[in-house]
Structures are given as structure tokens and as C-alpha cells.
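What follows are several structures.
Look for subunit A in each of the two complexes below; its partner is subunit B in the first and subunit C in the second.
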Partner chain A sequence: MKQLFDKYKREFIVLLATIAMCAIFTIMNANFLRWSNFLTILQQMVLNSILAVGMMFAIITGGIDLSIGCTFAITGIVVASITVGGGNPFIAILAGLIVGALLGAFNGFLVNNLKLQPFIATLGTMSLYRGIAYVVTGGQPVTNVPDSYRNIFNGKMFAGIRYYIIVMIIVFVIAYIILQKTRTGAYLYAVGGNEEAAKLSGVNTVKTKYIAYIICGVCASIAGLVMLASLGSAESTAGTGYETNAIAAAAIGGTRMAGGRGTPFGTFIGGLMLAVLKVGMVVINVDSFWQYVVTGIIIIVASYFEFIQQDVQAFLARRKQG
Partner chain B sequence: MGKAVEFTKINKYFPGVHVLKDISFSVEEGEVHALLGENGAGKSTLLNILHGVYPEYEGEVKLHGTKVHFRNPNQAIVEGKISKVHQETLVVKDLTVGQNITLGYEPLKGGLVDYAKMNKDVNEILKDLDCNFKAEDIAATLTSGQMQMLAIARALYHKSTIISLDEPTASLSQKETEALFKVVKKLKKDGVTIMYVSHRLEEIFQICDRATIMRDGEFICTLDVAKTTRDELIHAMVGRSVAAVASRLKPCRKQDEVVLRAEHLTGDAFHDVSFELHKGEILGFFGLVGAGRTETMRAIFGADKRLGGKVYIHGKEITGSWNSTKALRAGIGLIPEDRKTQGFLTLSSNIDNIAISSLEKYMKGAFVDPKKTRANAERYFKEMDIHPNDPDYLTKNLSGGNQQKVILSRWMSTDADIIVFDEPTKGVDVAAKAEIYRLMEDMVEEGKSLIVISSELPEVMGLSDRIIIMCEGHINKEFNRDEFKSSDEMLDYAIGGN
Partner chain C sequence: MKKKILATLLASAMVFGLAACGGSQSSASSSTTADSTATESTKEDATAASGEFNPDTDPSSQTIEQIRESLGAEVPVKAGLNLSAVEKSISNEFWRSLQEGYEKAEENVDKVADITIDVEATTDEGDETGQQTMVENAVNQGVDAIMASPISDANLTTAVENAQDANIPVVNVNDGLIAIADYYCGPNAYQNGYLAAEWVSKKLGDKGQVGIVVGMAKAFAARERTQGFKDWIADNNSGLEVVAEQNADWDRQKAKELAATWIIQNPDMKAIFCNNDDMALGVVEAVEEAEADILVVGVDGIGEAYDSIRAGKLDATVDSFPYYMAQVATEVTLRALAGQEVPHVTATPQALIDSENVDKDAAEIIGWTDTVYTAAQ
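Right after this comes the complex of A and B.
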């Protein structure tokens, strides 16, 4: 147990802060504690969390992916077009995931083969992918997605829980397994921690970074699939600005922006905290403009905390050594 | 004439190491004074004290008879009128030459930078130095020789009376070197005192008046260059007996099986390098910094691109795209020179740092089994006596010697049987050094084959079965163990003699 706490110290602290936030909202409005409200929070966090966990993979390798909002939109358009045209919904889902993987792989190509800075490379593809979405649709939304598709994600199980909640949980479990249990996970952390050292240890850094960007793209696609199911239509403007929320969730959850550190658990808590904040502010009737102010403060405080934590660790290490 | 610089009983300690021991000597005003010694002799540390980089030291520094104690390099430049021209010149490439030279001390007019005056002043200095570039040029367009001149011009802008040149010719062409010497002679005529650090002995004879020799942090002697021979100089620099430091108890007996062969290998920093490594031998690579040894090995390991030539590992030629992952699979390991930036994973524990190159050995189905990686780390912690004995500890918090043992453990955990050690004992204390030598010998006993790149002659001569000496990117000489005679001879080949 102590070991678990040591490993996830940062995550537990964010979780405690989130619980404290819930307590404050409950004191201000007892309705906050309702089951339906809890479901709202979960639904609220689904898209951002799935995007954030993918983003986390890119960040762990020392990169970033600004194009996820556009991958998200393109996936919606592709899947909507297939299903509206009468295609098999499962084939449409597969096609959507392939689109995400390809767009992610192209980011990987720019970063690995052309050696572009990830920020600039994905800033470029952000515009490029968005442009493709506009060109393909002519700016028109694709509407009337059939229920046969929508129910796959949107259907309710018990107690009002929709399937996409389960999808989110599966995504996080898979992310956890990849990062914590497989060789690829160890390589991802190694590349982000010190790329040159990883290379000189025999790690295939190019392949590792490709994997990170592909996973990031696939996660964006999964989020796009969920979005399409709940809205029933796809728009080329969908997902604009989502990359910043995803970065925020990952950062609050303790993902190190320079790479090498970050856990799915932390990103999940980060996404949860942002959702609690958003829903809680509505419940206690705070003007939605203030949400931006509060979110901003939380990101800054969380980053500062990360900074302090490193100092404390270095201090303890020195004391331990004598 | 007075004394430009006087050192009296300078002592300097780094954690656990006494790097400068009671250094006392003086430099006359207006002379060109060489500072000589092997890598690690303490020359750079002494210059850093003189120029305010290390404000903490014991002893006394006097400039022109006045006691000084600089807190930072800027104070030394501005108040002490003493400047250092670095080996790798520090230039902001996007700024103009004028901006670089006046950086931080730009001429002002009404609170704004007076560019007209800046360029006029700087161009006067450049003209005086006979430079073929202007204050208005962008620094990025300069050659390394011109950048060296820029640094000297900066020193003159601050009216420096003492200028240190640290390996100024390391990256200069023959022609640029001649131009530099002309400037040095001119400065000397103008009464500027020059302190000159270089490994190239012929330069010392060309332009220096006197030379101070340091060894192992101690002052050895100050010589009048005109009355000294090259051999005397080298002997004073190397000095000690070689066998006392590193020695082979059991030199390799037979050398018939070739495990690694390079043929006409060429890259950016080396050309036409051919050699063979035999099973069970230690092959030393000696040379000065920048001789191309590291680059050659990085190319063989797949960390850098090869421009030409062939490499055979266990008799098989490497073909197609080559990278470190394939090199590892073929059985080559590399222990890099700079542990901090190239060796250990900064954010990882000792367990992960040891396991990273051999993860396929700790699998349980598709997953890495943390119990197995831990057991592996614990085994090496015990075998190598690593302190503190905590595999969960972050490697970056260990001492240099222990970090090196962690990285050694990493490669011993793999199946690599050809291992390249790049400066294996750099920044490692004496006790850990001896242990690393012992481990290397154990590895050879097991049938592994080692390449040791080292700039420490006693180390290469003590450990190696054969020594290859590289100079300026090519192999200059090869010695078998029974041909090792004097370190003077080795050093001679490393600086280009034959």
C-alpha cells in the first residue's frame, strides 16, 4: 500500500483535491451529490479524458500533438458518411480507427523522419487536417447518423450508465497495460526521460515515437466516434480547441511536459477534476465565464506544485545520501 | 617588467576530490605563457578560478600586483580586464558581430543602443586585428577561425590586459592558425599578456615564451621554452610510471578469432578507419579530444550515420539501415562518455536503468515482470557493490562511480559480447576506478571483447592488449602490448608525429 502511495503520490493528491472540491460544491448546493449529477460528470469527462490519455503518450515521449481536435473531426466525418450511406456500423468504426492511426502516423513521420519539432509539426497538421475536413465536406455537416451506429456507444446499460463510459474505462485500462506492463511502455518513458541515452541503450527511439503518435491519433478517433454517437451528426468544426483541454487534463494529472513521466491514472483524475469543476460551477450557478478563470488557476497551481515536488525530492535524496 | 598574474598556494576541492594542490607560479607581463598538462591535470580548473567561474577556492590571485577575487566571469572581464577565449567560442549566432562583441555593454545614446558608434568602435578593433569581416555581419556566417577572432575582439573591446586562449586552434585550419598566431604576436607587442593552453606541442615552440606544466592538480615546473626540448616537455607532462595505475593481471593469450572488423570506415569526423578486434582482448583507442575515436564507435554502434566503409560483426557484414537496436541484437554494447546526457535515463530508477537494454529477458507472457527486473538489479548491486544499496533509487542521485557501475550492469545484463567503453573512468574516483578495471578484466576472461577509448595514457597502456592511436580522424599508429615503451612515444603519435 505504501509503495502504491509512493508511486502515485501526485495522483492521490490531485484526487484528494478533487474530493475536496466536491465537498465544497455539496455544501453550497446539496443537489451536487445526486446520482444523476455524478453521471453528468462522467459523461462530461469522457471526450476530454480519452483525448487526454492519447495526448499523454505524445507528451511522455517529449512531444505533443496539437492536431487531435482535427483528427477527432475527420473521424466523425468519415464514420458519419459511411453509416449514413448504409454501411455496416462496425466497419465504419474500424475505418474511423484506421483514419486516426494514419493521421497519427503522419505526425510520427514528420517528427521522426523530417526531424521537425513536435509542436511545429502538429501545429502544421492541425491546420492541414482541419482543412481536409472542410474540403471534404464543403463545410456542410453530415447529419442523420442511424441509430444502429449511435446505440453502440450511446445505449444505456443499467442505472443510466451509457456504453461510452465503459469505452472510456477500457481505453484507460489498455493505456495502463501498455505503459506499465509492456516493453513498449518502458521504451516510451525511456525516450521521454533521455532520448540520447535511450538510443545508446539500444532502444529503437524512432519506432517508439511512431507508436506514441499512432496511439494518440487512435485515441482522438475513439473520442470522435463517441462524439458522433451522442450528437448524431458530424461537423468539420468539431473538436476545435480540444487539444488544450487535453493537455490541461494530462498536466494536472502529473504528466511531465518535458517527457518521461505521466500515468493514465493521473490523467484520468485530471480529466475528472476538470469535469467536476465544470459541472459543479453550473450546479452552484457560477457564471460560465468564471470557469475559465478557475481552470486557469488550477493548471498554474498544479504545475507549480510539480515544481515544488521535485525540489522536495531532491532535498530528501540528498539527506538520504548524507 | 612586473608580474601580470601571480598564483599563490591555490587549493581547490570538488566533493571528495582535491583538484588543485598548492599551485604557485607567476606569469610575466607581456609574455605568452603556455599552460600544459594531460586531460584532468587541472589546467581548466585553474583558468576557471582566474576568470571568476569558480569563486570558491583557497589561496591568492594577484593581477598586476593587486590581489583580486572575482565572484563571476563578468566581473573579471569588466573590472579585472582579463578575458578568456573558449575552446568552443560562445557566440549568439543570430546577432551581428558588433552586437556579439559589445553584448551586455553596448554603447548607448539616450537609453537606446547607439549602433553607429557600436559598429564604428568594433570595426576599428577588427581592422586592428586584420580581420576580413565587419561588425555588421551576422555571426552565423563566420568560420570557426573568424569566431575565434570575434572572441579576441571582445576581449579587446573590454580593454583586457590578460587574455587566456583555451585550445584556440582545436577547430582551426592551418591557415586560420597562422592568422591567429599573427594576432597573438601583435597582442604581445602591444603589451597584452597571453595564457595559452594547447595539446599541440609544436605550437608551444612556435609562439610561447615560457611554459608551466601541471600534473594531477600539482604544479610541476615552469620552463623557458627556448631552452627546452620537445622530449623534456613531454616527459614533464606525463611523468609518472604507467603500470602503477591500471594493469592487466592476465594479458590475452591468443588473438585469432576476429569478432569485429572495420574496413575503410568513414564519417563526418573520421576517415578511412580500418581495424580488427579479437575475441577476448582489450583494444585501446588513444588520442586527443577530437581525434574521432568516439565518432567512429558511435557509427559502428549505429548511433550516427556512416558515410562509407564496411563493418563486419562476427564475420557478418552489416547491411541496410543500421541502428542501435540492431547493433545490440548483433552483440555490440556502448558505454558512452557522458553519463549524464547519454548514459543513464534521468527519471528512472536503478532497476529500470539496468533493465532497459535487456527487457526481453524479464518477460512473463506479453508483459515485463517487475519481480524479474528487480531480481536482476539486486544481483548486480551485490556483485558490483553499488552504494547506496537501493535498486529503487534514482540513478541520477548516485555518485559518478556508482552511476558507471549501474550502466556497466545494464550491459552485462545483455548478451552483448563486444563492448565499447568511452572514457570509462572519467569523473570516477580512484577506488571505483580500480573496481571498474577489475570488472573489465573479468569480462575479457568470460570471452567478451572490449574496446576502450581513453585519453588517459596510463589507463590505456595499463589495460590494453593492443593500442590504436588516432589523430585528426585517422589511425596514425598501432602498437602491440610488447611494443608499449614510453608514454612520450604514444603522445607523440597522438599529436600527429610519426
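Right after this comes the complex of A and C.
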């Protein structure tokens, strides 16, 4: 138990902060503490958390992927076009995942082969992919996606839980297995921790970074699949700005922006915290303008939490001595 | 361990102290709105005080019917006029319709006098400088008038100043407001909200809780539509009660999630007004999933909204008919060029579309008759 706590210290602290937030929201409006509301929070964390866990892979290797919102939109358009045209939903899903993998691989190509800075490379593909989305659709939304597709993700199980919540859990479990139980996972951390050292000890850094960007692209596609099922239509403008929330969820969950550190558990908690915040502020009816302010402060506070905490500890230690 | 919890609570308390301030501020501002019964005049005072141009409250505002009444139905046109129309975001259905309207207007005028209307548009909402270049090109070519739909309130200001230096009149057509433009043609955004509230009240027997999904707060249209909706309720001492009002950044997914939360928190919510159709279509999905009985009203009248109304999902939208807006703008421009004294602001047609009139012809709904153009001597 002690061991587990030490390993996930940061994550547990964020979890505690999230629980504290829930307590405060409940004090301000007792309705917050309802099963249906809890379910809403779970549902509303799905898109951002799936995007964030993919983003985390890119960040762990010391990179970043700003293009995920566009990959998200393109996947929606591709899958919507196939299913509206009468295609098999499962083939459409496969096609969507392949699109995500290809777009991710292209980011990997720019970062690895052309040696571009990940920030600049994906800033470029962010515009490129968004442009493709506009060109392909001519700006028109693809609508009337059949229920045969939508129910795969949007259908309800017991207690009102939708299938896409299970999809999110599966994504996180797979991410956990890749990072903690495979050699690739160790390589990913090694590349982000110290790329030169990793290379010298025989890690194929190029292949490892390709894997990170492909996983990131695929996660963006999965989020796109869920969005399409949830809305029933795909637009070329979907997902604009979603990369910032994904980065925020990963950072709050303890992913180090310089690379080398980050866990799926932490990112999950980060996504949960943002969803609690989003739903909670609607519940207590906080003015929209203030939501931006509060969200920004939470991100900053959470990211610098370790420093605050160290200061508090040092202060208390000094008091004890003196 | 205790210290960590303490630190956590401290940080959270700090943040929520702020949140609480925000909450109380919002309730204060909404109560002032409710108090002002003569809201129209309050609004005008506010506008006058800040000295900003607001086409929704501009005293000169007339509809095209009023203009035809006072200035005569016939519009004399000199052959050989060159007009430039600069708009934006051609990927958006609304602006494509506006372009078709300009083409239709040119066709109508050409029957009596040959003129050209050159329509140019940016591909998206982001190309502010590209749009400025388009207007400057038109000025350099020495066109007779410019009809411009700016991306922002500011991006065309210099270009419009250049046009005015060259004695080229500029007509501001909808959206971004050019304060210095000679004329403004566009729908009354405030009226959008007003019409929506009136319809909701009629459908609900004038009582029940309603929510408002706001667009980007920086957008003039978002502010005016929301205000119009709330003012109708205040002006009519309506039994409608706005219990929730938050923004969803014009984003369909965000609007859906917002509505999903509201539906759980406010089981008595009876209607949701959205600042545009995109968000309304997201809210419709949330309402369907919750199997709730809630009226959803949007603004814009995009094709997808019409389809949704026909399918019995969306309940209503306020359409501002860009196809006719362009024809009104062309008529106003040609009247001005003929030396007529057209008002500074022309309110273009708009109407609420629901299941009863969704299949009616738009011209019939707004009572549109084509402009009567005559060849000037």
C-alpha cells in the first residue's frame, strides 16, 4: 500500500483535490451528489480523456501533438461519409482508426525524419489537417449518421451507462499495459527522459517516437468515433481548440511537459478533475466568463502543486525545528 | 499526509472563493435586467452613453417595406455600374446563400440595365487581412459602391476609410460592425431573441423554466440575441423564468454537454434557446438522449436545422434569409447611388420557422416581392 502510494503520490493528491472539489460543489448545491450527475461527469470526461491519454504518449517522449483536434474532425467526416453511404459500421470504424494512425504517422515522419520541433511540426499539421477537412467536405456537415453506427458507442447498458464509457476504460487499460508492461513502454519513458542516453543504450528512438505519435493519432480517432456517435453528424470545424484541454488534463495528472514522466492513471484523474469542474460550475451556475478564469487557475495551481506542497512542507518542518 | 490534504483544501478554497464572486456577480446583473421594465429605452440610453454604433437600436432603422413606401417602389439604375460585394467564410452555408442572393439581384437588375456585382469571399473566418485586401482591390479598381460583410468589427476599418476617401460608399452587410460605414443592412439580432422568446411563451402557455445557450461572448450577435430573449420576458411580465444561461462557444458538442447537465439539474426545464442552430442541434441530441420534453429553438435557419424541424427534432429556428438579405443590400446600395436618402440602418427580413411553416416558400413567409428596377435616364 505504502509502495503504491509512493509511486502514485502525485496522482493521489490530484484525486484528493478532485474529491475536495466535489465536496465544495455539494455544499453549494446538494443536487451535485446524484448518481445521474456522476454519470454526466463520467460521460463528459470521455472525449477529453481519450484525447489526453494519446497526448500523454507524445508528451512522454518529450514531444507534443497540436493536431489532434483536426484528426478528431477528419475521422468523424470519414466515418460519417462511409456509414451514411450505407457502409458497414465496423468497416467504417476500422477506416477511422487507420486514418488516425496515418495522420499520427505523418506527424512522426515530420518529427523523426525531417527533425522538426514537435510543436512546430504539429502546428503545421494542425492547419494542414483542418484544411483537408474543409476541402473534403466543402464546409458542409455530414449528417444523419445511422443508428446502427451510433448505438455501437452511444447505446446504454445497465444503470444508464453508455458503451463509450467502457471504450474509455479499455483505452486507459491498454495505455497502462503498453507503458507499464511492455518493453516499448520502457523505451517511451527512456526517450523522453534522455534521448541521447536511450540511443546509446540501444533503444530505437525513431521507431519509439513513431509509435508515440501513431498512438496519439489513434486516440484522437477513437475520440472522433465517440463524438460522431454522440452527435450523429460530423463537421469540418469539430474539435477546434480541444488540444488545449487534452494538454491540461495530462499536465494536471502529473505528465511532465519535458518528457519522461506520465501515467494513464494520472491523466485519467486529470480528465476527471476537469469534467468535475466543468459540470460543477454549470450546477452552481457560475457565470460563463468566470469559468475560464477558474479553469485557468486550476490548471496553473495543479501544475505547480508540487512546488506549493514542498514549500508548505519545508515551512512546517522549520516550525517543528524552531 | 494531513499536510497534503490541508494544502489541497487551501488551494481549492482559494479557487472557489473566486468562483463564488463570479456567481454572485452574475446574479446581480441578471436582477438588474429583470428590474428594468422599459428595457428598450434603457438599452438606447446605454448605447448612447457608450457612443457605440448598435444597428439593433439605431433610431434610423427601417425595414425594406418602409423604405419602398417612403421612397417609392421604383429603383432607377444607371447602366454600367460596378458593385463589389466582399463577404467571408464561403464554406459556411449562410454566406453561400448570401452570394446566391447577390447573383439573383444582379440578374434582376440586368433585365433593365446592365450592371456587375463582383462577389468575393474568404474561405474561412480567420483570414482577416485577406478580406481587407479584397476591399482595397475594389477601391483601386474604382468600383461605384462596396457591400462588405467583415470578419471582425475592426479588420476592414482602414480599407473602408480608403474607400470613403475615394468617395466610394460602403454598405455594411450583417455581422462584424463597421462603425464608419455609410449604411448598414442586416437582421436585427436583438429581434432574433425577441421572436424566439415570444414563440416559446406561446408554446408553453407563458410559464416554465428556460435555459439559454450563448455563443462566443465576444460576438455582437450572441450578446444581442440573448438580451432580446431576456428582454421579451421582462417586457411582457412573462411567466417564463431563465434558470440557466451559459456559453458553449458556438460548438455543437459543448452545447450538448451543457444541456445534458442542465436537464439533470433542472428537471422542470421546459425550453432551451440557443444563439445559433449548430448549438441547438447539439442540444436536441441531449434532449433526445434524456427523453425529456423540452422545446429547443435555434437561430440562423441553416439547411440542417430545416431538416431537423421536418424530422420533428428541433422545434424552431429564427431564419434571417441571407438570400434576401443580399437582395435588400443591393437595392439599398442602388437607391443610395441614385441619390435617394436611404436610412443609415436597414433591418433585413427574418422570421421564426417551426413545423407549421417549414415547408412554405421563404418569399411567402417574409412577404417578399422582387425590387422594381427601372433604367435611369
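Everything that follows uses one rule, which is that the second predicted complex is superposed on the first by the 305 of 322 C-alpha atoms of A that agree within 3 Å, B and C clash if a C-alpha of one lies under 4 Å from a C-alpha of the other, contacts with A are read in each partner's own complex, and residues count from 1 in each chain.
The definition used in the following text is that contacts are C-beta pairs under 8 Å (C-beta built on N, C-alpha and C of every residue); 3 or more make two chains touch, one makes a residue touch a chain.
Here the structure is a predicted model, which is why all the values come from computation and not from measurement.
In this superposed model built on subunit A, subunit B and subunit C occupy separate space and fit side by side. By the touch criterion defined above, A:T182 lies against subunit B but remains apart from subunit C after alignment on the C-alpha atoms of chain A. When the two structures are aligned on the shared chain, A:I284 is found in touch with subunit C, with no touch to subunit B. For the combined model, the angle formed at the CA centre of subunit A by lines to the CA centres of subunit B and subunit C equals 120 degrees after rounding to the nearest 10.
Greater residue coverage of subunit A by touch, when subunit B is weighed against subunit C, goes to C.
Contact with neither subunit B nor subunit C is seen for A:A249 once the two complexes are overlaid on the shared chain.
In the superposition on chain A, A:G193 contacts subunit B only, with no contact to subunit C.
When the two structures are aligned on the shared chain, A:V226 is found in touch with neither subunit B nor subunit C. Once the two complexes are overlaid on the shared chain, A:N204 sits against subunit B while remaining clear of subunit C. Contact with subunit C, but none with subunit B, is seen for A:P141 once the two complexes are overlaid on the shared chain. For the pair subunit B and subunit C, the least inter-chain C-alpha distance in the overlaid model is 22 Å. Here subunit A touches subunit C in the complex through residues 13, 16-17, 20-21, 24, 29, 31, 34, 36-37, 40, 43-44, 47, 134, 137-141, 143-144, 154, 227, 230-233, 235-236, 238, 240-241, 278-279, 281-291, 293-294, 297-298, 301, 305, 308-309, 312-313, 316, going by the rule given at the top. Only residues 177, 181-183, 185-187, 189-190, 192-194, 196-204, 206-207, 256, 260-261, 317-318, 320-321 of subunit A touch subunit B when the two sit together in their complex. By the touch criterion stated above, subunit C contacts subunit A in their complex at residues 3-9, 11-16, 18-19, 21-23, 25-27, 89-93, 123-124, 214, 217, 244-247, 249, 251-253, 256-258, 260-262, 264-265, 278, 281-282, 285, 289, 304, 307. Residue ranges on subunit B touching subunit A, taken from their complex, read 301, 303, 323-325, 327-329, 333-334, 336, 341-348, 352, 355-357, 359-360, 363, 366-368, 388, 393-394, 397, 410, 414.
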